[in-house]
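Labels run A, B, C, D and E following the written order; every chain starts at residue 1.
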Amino acid sequence: MGDLATYAFTGIGLVFFAAGSAGLLRFPDVFSRLHALTKADNLGLGFIALGTSFQAGSWRDVALLALIWGLMLLAAATVSQLIARDALRERDGE
Amino acid sequence: MTGPTLYALTGAALVGIGVFGLISARHLLRRVVAFNLIGSGLFVFLGAAGARGGAADPLPQALIITGIVVALSASALAVGLVVAHARASGRPALPEEDEEA
Amino acid sequence: MTLALDATLCGLIVAVALATVLGRGVFRAIVFFIVYGLLLSVAWVRLGAVDVALAEAAIGAGLTGVLFLAAVGKLARTGAEAEPAPGRPHLPAALACAGLTGALAWAWFALPEPERPGSDLAAALPRAGVENPVTAVLLNFRAWDTLLESIVLLAALVGLWLLARDEDWHDRLGLPQHVRPGGVMESFGRLLPPVGVLVGIYLVYIGADRPGGAFQGGTVLAAVGLVAALAGLIRTPRVTGHLWRAAMVVGPLVFLAAGVAGAALGAGFLTLPEPIAGGAIFAIEIALASSIAVTLAFLVIGPPERGHRR
Amino acid sequence: MTAWLSFVAVGVLASLGAALLRVWRGPGRADRMMGAQLAGTSGVAVLMLLAPVEGWAALDVALTLSLFGALAAVGFVKAVSADGGGDPEEDDEGIVEPPPAGGASDG
Amino acid sequence: MSALVAVLVLPLAGALATVALPGRAARIAASTAIAATLAAALALAAWVAARGVPRLEIGGWAPPVGIAVEADGLAAAMIVMTATVMAAAGLSARHMLAPGAAGARAAFGFWPLMLLLWAALNAVFVSRDLFNLYVGIELLSLAAIGLVAIEGKAAALAAAMRYMIFALAGSLLYLAGVVLVYAAHGALDAGLLTDRTPARTDGLALALMTVGLMAKTALFPFHVWLPPAHGGAPAPASAMLSALVPKASFVILLRLWFDVMPDQATEGALALMAALGTAAVIWGGLAALVQERLKLIVAYSTVAQIGYLFLVFPLAGGASAEMPWAAGAWNGAVFLALSHGLAKAAMFLAVGQWMAARGGDRLEDLRGIATAMPMTAFAFALSSITLVGLPPSGGFTAKYLIMTSAFAAGQWGWALVMAGGGLLAAAYLYRPVAVIFARAEVPDSPLPSRGRQVVPLILAGAAVALGIASAAPFDLLSTGRPQAAGEGL
């Protein structure tokens, strides 16, 4: 049962990562790329964390997985905001 | 080809790439980056050597951690020198190698 | 499948290293270098060296990357950021480097099966006072290396401070940082440090038994300070701040004092008698981690610069 | 299970490789930063996938990477600001001069 | 034994104190550390001379688990020479780098860097562990780079940058060799490696380490960084950089080729090293002939003098190792390193005082300075005698030993290099000596006190005394000398 969940969730996570990368490569301009990326890869990471947690031997490891995902979300939210601002400035200023 | 061999060859490649970067770059910051590539390549080689025969040997790991800290110290001083030199001379390259000057 | 994983990882590492060296533009090279450090720390996990992976993630990828990024910012400020014309194509140099790689590769296959000190090390480990063998090597067996290494950090920092201009000497360290009050960067700077401090202390604390230790934990603490400084929440001190200077030397000093105490008590220089070795190592690690945190943060911030009195 | 997790890890590494293509191509510095951001997320994901195989200490590495990823992101933004110490959210009045051409962006 | 710990610990403790304490207290701490380390160095040499080689397994862990340090005669002699030069440089720096004279920045930085440099030198001289040596030479390089950059001008920063590139490249090459050694033998201790079963990779490892250390020693063709770096620093820093820093990597080379891996020494490699030394003697001498600034003349002379040191390799290594002339060549090279260190430091300190009085170091600026400052001029002349190799100086004894052993070995060419290099040295040192002793109108300028003028004279006198009373240093050097250079002629 736990193994099955791991297969399923990590698989879904991989699909999101693949989608994020495809978006990053194929979308035409920086803002749509940013849009695609921040959603896809953090969802992918979430699914992978969820999938891995079914293999964890202790609640400590599960908590750690959650903490890591939370940190990545926080960083991603901040960074995409700042990158977008910078991209705007870069477009206008140069 | 087993795991350690793969990593040892990667380390060897990194050393070569780093030395090439060191020789070909003019921008001093890129040279400092190249030093870091060489050093980490050597560490990967050493780590692969320590991973031969199953269990990882702790001694090379300790040496590598020491090496990483030493490399950061040297990089920090080098980066400071690059910035101070660029501020004093207006260029981020050594005078004898700076063709645009 | 694990071999495919190793092969993909190694291929990516080499490709990223090549991109770092060959791509035009310093900024691009540095972005690639940061990714390189990240991949390398994954590789260390695959090699079974989690202690090294932690050090690489924190120091190799993290702090070194931020150091280079900050340098790009500072070069922009000097007006000297323009890339010099790339050198002539270096065919002989490329061949020489390929030769060097070839020589190392040959050496790998020519290596004899080693008689490792592994058995001696394993025999000594129960008397080391800690369970993590890497910590035992760093803080006990090869403590002299580690003491000198903590001094290397200090030497680099003194040398770095000397690169300040005389007229800037009494200013605060590094570039002045400013952010939009209440903006995203500022709130990020408020959210991250509490988590970071906990993680740093955790890494120092577990170092005795599990991967981690003074260098990794100290680096995380340095990162916390850097985030706070970059987000404009704290102002960097001046070189004349004696409390900070004392914090820089306390780690090496405690280490050195422990060594001399061993010599004075007849046990020998840097000898930690077995019954108290665990406690002594923990004390030294705490002092070292504090000094490492302060010194590393100052190394990345750089020498004092004018502009704080804007 | 080991084979499956390794397979997923290879897949995530492949998507990381694709992100690197974006770092190489640019064109703007924002694109490069995004590529690096995805590379960081992928690296953390690979470490999570390795944890059941290599031991759960790998999560400590992932945790460290996520912290330093955040620091590096702040470093990026600072490095491309006009004076090396700014914030793209600041209004342009007084403090921030237009960013200099060349050097930092080279697409 | 405790003297061995003291020479390692005291400069470190002093450095930490100078970083942590405010201005005046830092200078007092520095002076205390200098005096204490000098005393410890002398005590160590006395201990070694009386009782043999002290060995310390740090932390109580024997290799291969731990790190061992040993103070053989070579280490003890280098430590005493280092202490002498450091004490002299420290005395001179008290005035030249006082906060009023040099600014708060240089006054803060000089003392910790000097003490860290000293600690690194002592650590390198006694270390028996190849990786510990790596950490030691990195500490040495970083401290030295800081001292080169201390002037803060564009030229000094460029010189420091250039030096940094060579020093880091050299360290990494050395590290590459160490990595190969550990991968092959699982050991880093010199003693364990002497008894190893040779591996096929040993030749490559030794070659990598040697090239790296050559770059750090500034042997031709890796010398380009040295003259601007040594010529641009303040005089006390130049004295340390030129007299001491290249010696550390040279001592490691001696240990590698004569102690750790003597089995790898092929005739061709040894001859190549001496040939590079010859090129350094010629190139450094010719370049010194055409310089107009006295500090650069003195710095190029270091390039040439380093060249001599490498003649030891074919005369005492490989097939020569078992021969009776090996000991003479080995002693001669170490003697040359010692007397060059003392004489070179004396020269830089003398020039520093003249620059302070005349405002520059162009030969024109210094015309007739002997009239105003006879003691320092005499020190410069005595040092010149040592560098040229005239009796009764230490330089003469060293060259005599090397030439005798070259004749005995039938390797006449190296003797010729010695003689030719001496003539070149006489030529490039004649110009400054003639200028400073020339009769000229002496401009009225404030002079340093007699107490300060006597410092270079003491160093130069010590270099000459090495030649006059060479018996005691010889006995010291033979303590724990590697088997390869065992018996004398």
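Assorted remarks:
By definition in this document, a residue touches a chain if its C-beta (ideal position, glycine included) is under 8 Å from a C-beta of that chain, and two chains touch if they have at least 3 such contacts.
Remember, it's a predicted structure, so these values are computed and weren't measured experimentally.
Counting hops only between chains that touch, chain B reaches chain E in a minimum of 1. With steps allowed only between chains in touch, the distance from chain B over to chain C comes to 1. Set against the Cα centre of chain A, the chain with the most distant centre is E.
The interface with the greater count of contacting C-beta pairs, when A-C is set against C-D, is C-D. Centres computed as Cα averages put chain A at a distance of 27 Å from chain C.
With centres set at the average Cα position, the gap from chain C to chain D is 19 Å.
The distance from the centre of chain A to the centre of chain D, with each centre set as the mean of the Cα atoms, comes to 11 Å. Per-chain Cα centroids separate chain A from chain E by 57 Å. Of all residues in chain B, those touching 2 or more other chains are 15, 45, 49, 63, 66, 70, 73-74, 77, 81-82, 84, 89, listed in ascending order.
Shared interface positions of chain E, i.e. residues touching 2 or more other chains, are given as 131, 135, 138, 142, 145-146, 149, 152, 157, 176, 183. The set of chain A residues touching two or more other chains comprises 67, 71, 74-75, 78, 81-82. A complete list of chain pairs in contact reads A-C, A-D, B-C, B-E, C-D, C-E.
Chain A makes touch with chain C in their complex at residues 67, 71, 74-75, 78, 81-82. Remark: chain E residues 2, 5, 8-9, 12-13, 15-16, 19-22, 56-61, 64-67, 69, 103-106, 108-109, 112-113, 116, 119-120, 123, 131-132, 135-136, 138-139, 142-143, 145-146, 149-150, 152, 157, 176, 180, 183-187, 197, 199-201, 204-205 touch chain C in the complex. Within the complex, the chain C residues that touch chain A are 184-185, 188, 191-192, 195. Listing the residues of chain B that touch chain E in their complex gives 15, 22, 28, 31, 35, 38-39, 42, 45-46, 49, 60, 63, 66-67, 70, 73-74, 77-78, 81-82, 84-85, 88-89, 94-95. Of all residues in chain A, only 3, 6-7, 10-11, 13-14, 17-18, 20-22, 24-25, 30, 33-34, 37, 41-42, 44-45, 48-49, 52, 55-58, 61, 64-65, 67-68, 71-72, 74-76, 78-91, 93-94 touch chain D in the complex they form.
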